[in-house]
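Here the chain labels run A, B, C, D, E, F, G, H, I, J, K and L in written order, and each chain numbers its own residues starting at 1.
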């Protein structure tokens, strides 16, 4: 089993960006934790980060034949990107949406997710652990489906 | 470590209620899976279901001195109950909100959660697995805090 | 044929509560008229009233294996209870919604019905007669379906 | 007792128009059923259909001295016609609004009824039977008032 | 100088329709008063009433080469008819909008006028006198322009 | 008969302020025309202008025992002043609202009038003539009432 | 004189629940202060608390023949319960609404009160003292009416 | 192949009505261009214009057995007529919506189309050419379907 | 202890202004009752009324060094004056807001209070007694704080 | 004549992405059809696709001196990109907007087009043919202008 | 060159009013800094402060013949005063709007500026420096125009 | 002192893009004016322009260790980019937002700024001078803070 992991805009800032909201883990630490968890479950990951919506769409288009599912933290694109929603829907792959913080507990413009309606499920608010729970959720979903 | 698990209104209908939305697991199966997962992690659970907002508030008030956290699927109260929100906030305990289906992918009146803003985190859309991921998320949170 | 009749909150106040809106019939008179009409049509009724949303959900859950349809006046819950909507949908039984007064002719917060979208039909504004027309409508529906 | 029955726009399409929504009865069948029910109750009907708001207003104005009440399915005018509302109010006659389908269970623009607030009552969702229940409701209302 | 006077839907009901809102004058009395006032000012009128939006558009199209201005009480069309607005704009003639009652003091759906933004001016709330003041306003406007 | 005429804020700017909207008449010319029209109708006027909401309220309070009605162009206060509305209502005198331009044809924030719902009638869009028509409307109203 | 005092959901949490919002008084202390104040004014109280909307409706229905007025802190039900509003209106007794904190200074969903429009008056923001002021207000109202 | 062409209200004004918005072509010129284009493609047209919603519904009902598709410029009815939408849906024929101007570039009340959601496609903004492109689009659609 | 009492616009009209809403007490009677109550509690008052927002701001600015708290009935400014809110916040003194009637039971534009969020508490609906309860509430607050 | 053709985000997915919405043509097939149609009309095309808003802006800026018009399918950017709108407006070239599906018949967030108000015209819902009709519309527009 | 400087309501409170928002400068210090900056640029100032909207309108009307531009901090009137907007527009002078704090970063009711749309430009958030930058901006604008 | 200057999308079009809105200065001229002003104040600039949100985020991330503040004209991203807001907040550097035109005086979708709430201050409407005033404001802010 192979899963694409996508980190959206600003996630390279992790660790120094508003730690009361996003925790003190860096992106490398999140990726290391993901890789370790994936190995333990016999799953391979393709991890990608970009600040550019277009590059994320390109990556999703390219990676889609090689993976069975997508784990994505869309960052600020969650609330604004119809293109990302269309891409995720167009791939025909199960998607799990994760967030470090809980958008529903923040500013009103973060209460709308364009991604959630096209995702299998959402995990939000657990910091680094959101990714690990989301990965488990996606693997569980893929195993159930097959 | 001891955790309260609350199933809100209509969750006894599980298994026969709209299985395309909520899956085919019964509440007993969910509880059994939760108990097993909790045992494996050395955690005790107090599980409660009620169709009555008032009984849920009574339970939360009574259980709060005995537990370190609350795992709750508020069902339809998620979108309407200011009282539940006030109770969860008033307890001063970390709360994790779980949903079998993904409310953000359903009718607009399910897009507002009164619970999410007072919860540590939310897990939605993974069926039975939402509970298990939520339990892991809550245990992880409690371990980090101490 | 067996039908559950549910009177929601405040309906025990009938007869003394704002008679210009709700008419001067008491709940007993409504029930007697319903029983008489049901007998004439060879239908049995199970009538239930509660001021508690939770007790109504409990009743619906318990009565559902014994009845072929539900006649309900949800009172104020019409406009606020996602839980009631979910319960009615979860039962998989045809539901007819009745109102003594016409909510669409009253305050704006009564213009939204969470029940109507999951009901076969709605009868509103005819006082006691709303129940009798609703019963006829439900019986007609059940006979057509079989 | 004499009652005007008004069928609004598009109701001549019945039987071939979206039968999953409106049932398979034709307008003639509905009228026959209404006539039969009226005869049984000793009531005379004046039945009118038009696709034109203006002709309906003309009919209502002309018929009003000859009838004691109005049974109307305003079709799409329900949601848009201030003129129809004003006419019904201006007649000073009791009005019952009927719908074959349940507008509250359909698109949001059907959730507003300009007619309901000026009607004695509303019956919706029962197909052909909506008319018969509405007729009963109107006759009952007229008998109570006198 | 020649002016078209248009009475919209329901205005033939005047005198018996809700006199607390619309006054006790009949449409004939209004027309007589208008004719008398016009004669005194050396102006000819073409008066037209219809309950049908389409007939009003036809009349406006036909009358436009013969008149210098339009005095219109659009009735309920005021709030709903984009077609009437487009017609009035398309004529290229000055329009004065009059109302017997004051729509801004009534239900919220009467607070929007599609006609006002394409009219020279509006007179509302003075009953029969609204027409006379509107006629004066229109004549004054036409005299100033020439 | 004695009538108070109130010119709200900015009306001293008339003649030089946006003449395409408000016409080229100065406030003196409007007052002269009003005085002349009043004299011709045997009516006395008390004319007042202020840029201050408070002074207008003071004037209305003081003048109310001496007059039978109020002709007011509330200017920008039309859309914002709950106090002015309360004062006009509190006086117990008939009020006519006039506007030089037609607020309904301008920015959306001018579409709400707090004054209209407490006024006998409104005249808008006729420039200087709005005042004269409004005066006629008010006199007509006062004569009908007595 | 006899007055019903109703404490809505979560009020048993007082003293430990968010003291910066609700003060440090417990419910017992509030009740003791109310009893003392009532005694001093020669008034008897029937005090009731419940976390269940249904039980509150039951209590109001039962107590209404024995009391002349109702003092109620509806807690979170203030903003969501059409049923409570209908019950208070149906009783035909004067109602005073009190709040420990000031809902208008908190989250937007607390800015709507379904109770206020059916209450004689509201006291909010004074902590324990809100109850005492509300009691005084209710007694004063009852004395004025008789 | 036979296609109904419907011109909604006000389209007889073309050529003299706001030419900066609607172009300088008259309705006859549009019809001539349509006839010529249809002949070249071996298609017959039935062209109809009316200012009356009711007559358009009558025409659609009558013409539907004789045609394979409908090309319609609904004019102002686009934004207001639920009846037209219901008729187009009820016919079960493919519909193409055309507009001379681009409604999305005009007043906000023109941004909602009740027709678009029941149409195969929409062409807007090209003046006379909108009709020709829409005709091509409809013919193409009909050829693909068969 | 010294307290400023501010009566906003239109309060001099009390006694003759809509007595069903505001009671029959005059402002002098309210002031006399306030003075008497203050004397009994050993508190001095500085009472001020103005119809002008600006004068109220001037008074508040001038009086602030001499008083420990402000009792204010902002009248219509409650719903519209950002300036009053800013002034009350800028003073750094505790403020109690009182209303004779209950704004939440009146027109929608009275449901928003710009003052409430910056006030210690609000008392509304008790007529003259609102002031006395508000004074008690403010004194109680000041005594608790010291 | 030379025309720029811009395909926005996700259009490389065509053929495999939700064929019930977007048809089964690939982007290559669309481009081939466009090239063929252009050749037949003596027009040269510059075709560009990108998933990146920024790259589209760069392309438009660079291509603008070489082309007389722009044919664009903005994909999901239609509903979200103020930047694209500004670029299209800034170019000073006529723009035609095309869509494979009909956004007005889909989710509400697709009902707003930021591009339409700055476009000559829009063609939507005809699949591949939308492009060809749009190309014809643009060529027709350019020929009329010169 | 001569410029009017207007300080709106509450600006005399500066220095003691919420210094975290408005800074610790007093109004005198701001005026001194403005005078010094103006002298250095050879510009004369007329500085005015009032808490009264009416007095500000009077000042603007009076000063307008003597100045070439207006620098204004409208305080709370920014969000509520249609009259101020109308006055600024009526003067026909360039206006620069300044704010000590950044209203867009504060409560939602501060996000609407009625002044900004009639101003040349806006400077907000720089404390005392906002005035100096605004003065520079206004002088630069006036020099460019001449 | 070193400051990053960011020009958002479409700013390379300056000089030829809608000069009535954005002025006739080119981006080079703005940059030259900024460099000159910076030199005079002993400040170094790093100037960056991109049409791509992603590249702007990359630049901000890279430049942040080298600069003390950010001067940004976000162009159309102002109103749509949650990502840009998050990046600016994540940098922990003071930000000044500038606009050539005044967005508050343009289309409603430009009235919301996602950047303003995370900026020290905003300068809008002064054309090229907006940048110079913004630079002064940022330098002043940085000097005050140290």
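Just so it is clear, a residue touches a chain if its C-beta (ideal position, glycine included) is under 8 Å from a C-beta of that chain, and two chains touch if they have at least 3 such contacts.
Note that this is a predicted model, so its numbers are computed, not measured.
Between chain H and chain L, the least number of touching-chain steps is 2. Note on connectivity: the fewest chain-to-chain touch steps from chain C to chain F number 3.
Counting the residue numbers used at the interface between chain B and chain C, under half appear in both copies, so the two copies meet with largely different residues. Between the interfaces C-D and D-H, more contacting C-beta pairs are found at C-D.
Relative orientation of chain E and chain K, expressed as the C-alpha superposition rotation angle, is 120° to the nearest 5. The interface of H-J is repeated, with over half of its contact pairs matching by residue number, by C-D among B-C, D-H or C-D. Chain B and chain L have Cα centroids lying 46 Å from one another.
Averaged Cα coordinates give chain F a centre that lies 47 Å from the centre of chain L. Measuring from the averaged C-alpha position of chain E to that of chain F gives a distance of 23 Å.
Residue positions of chain F touching 2 or more other chains, listed in rising order: 52-55, 80.
According to the touch criterion at the top of this document, the contacting chain pairs are A-B, A-J, A-L, B-C, B-G, C-D, C-G, D-E, D-H, E-F, E-H, F-I, F-K, G-I, H-J, I-K, J-L, K-L. The touching residues of chain B, when paired with chain A in their complex, are 102, 104-105, 111-113, 116-126, 129-130, 133, 136-137, 140-141. Residues of chain J touching chain L in their complex: 52-55, 57-58, 61, 80-87, 89-92, 114. Interface residues of chain C facing chain G in the complex, by the touch rule stated above, are 8-10, 12-13, 16-18, 50-55, 75-80, 109-110.
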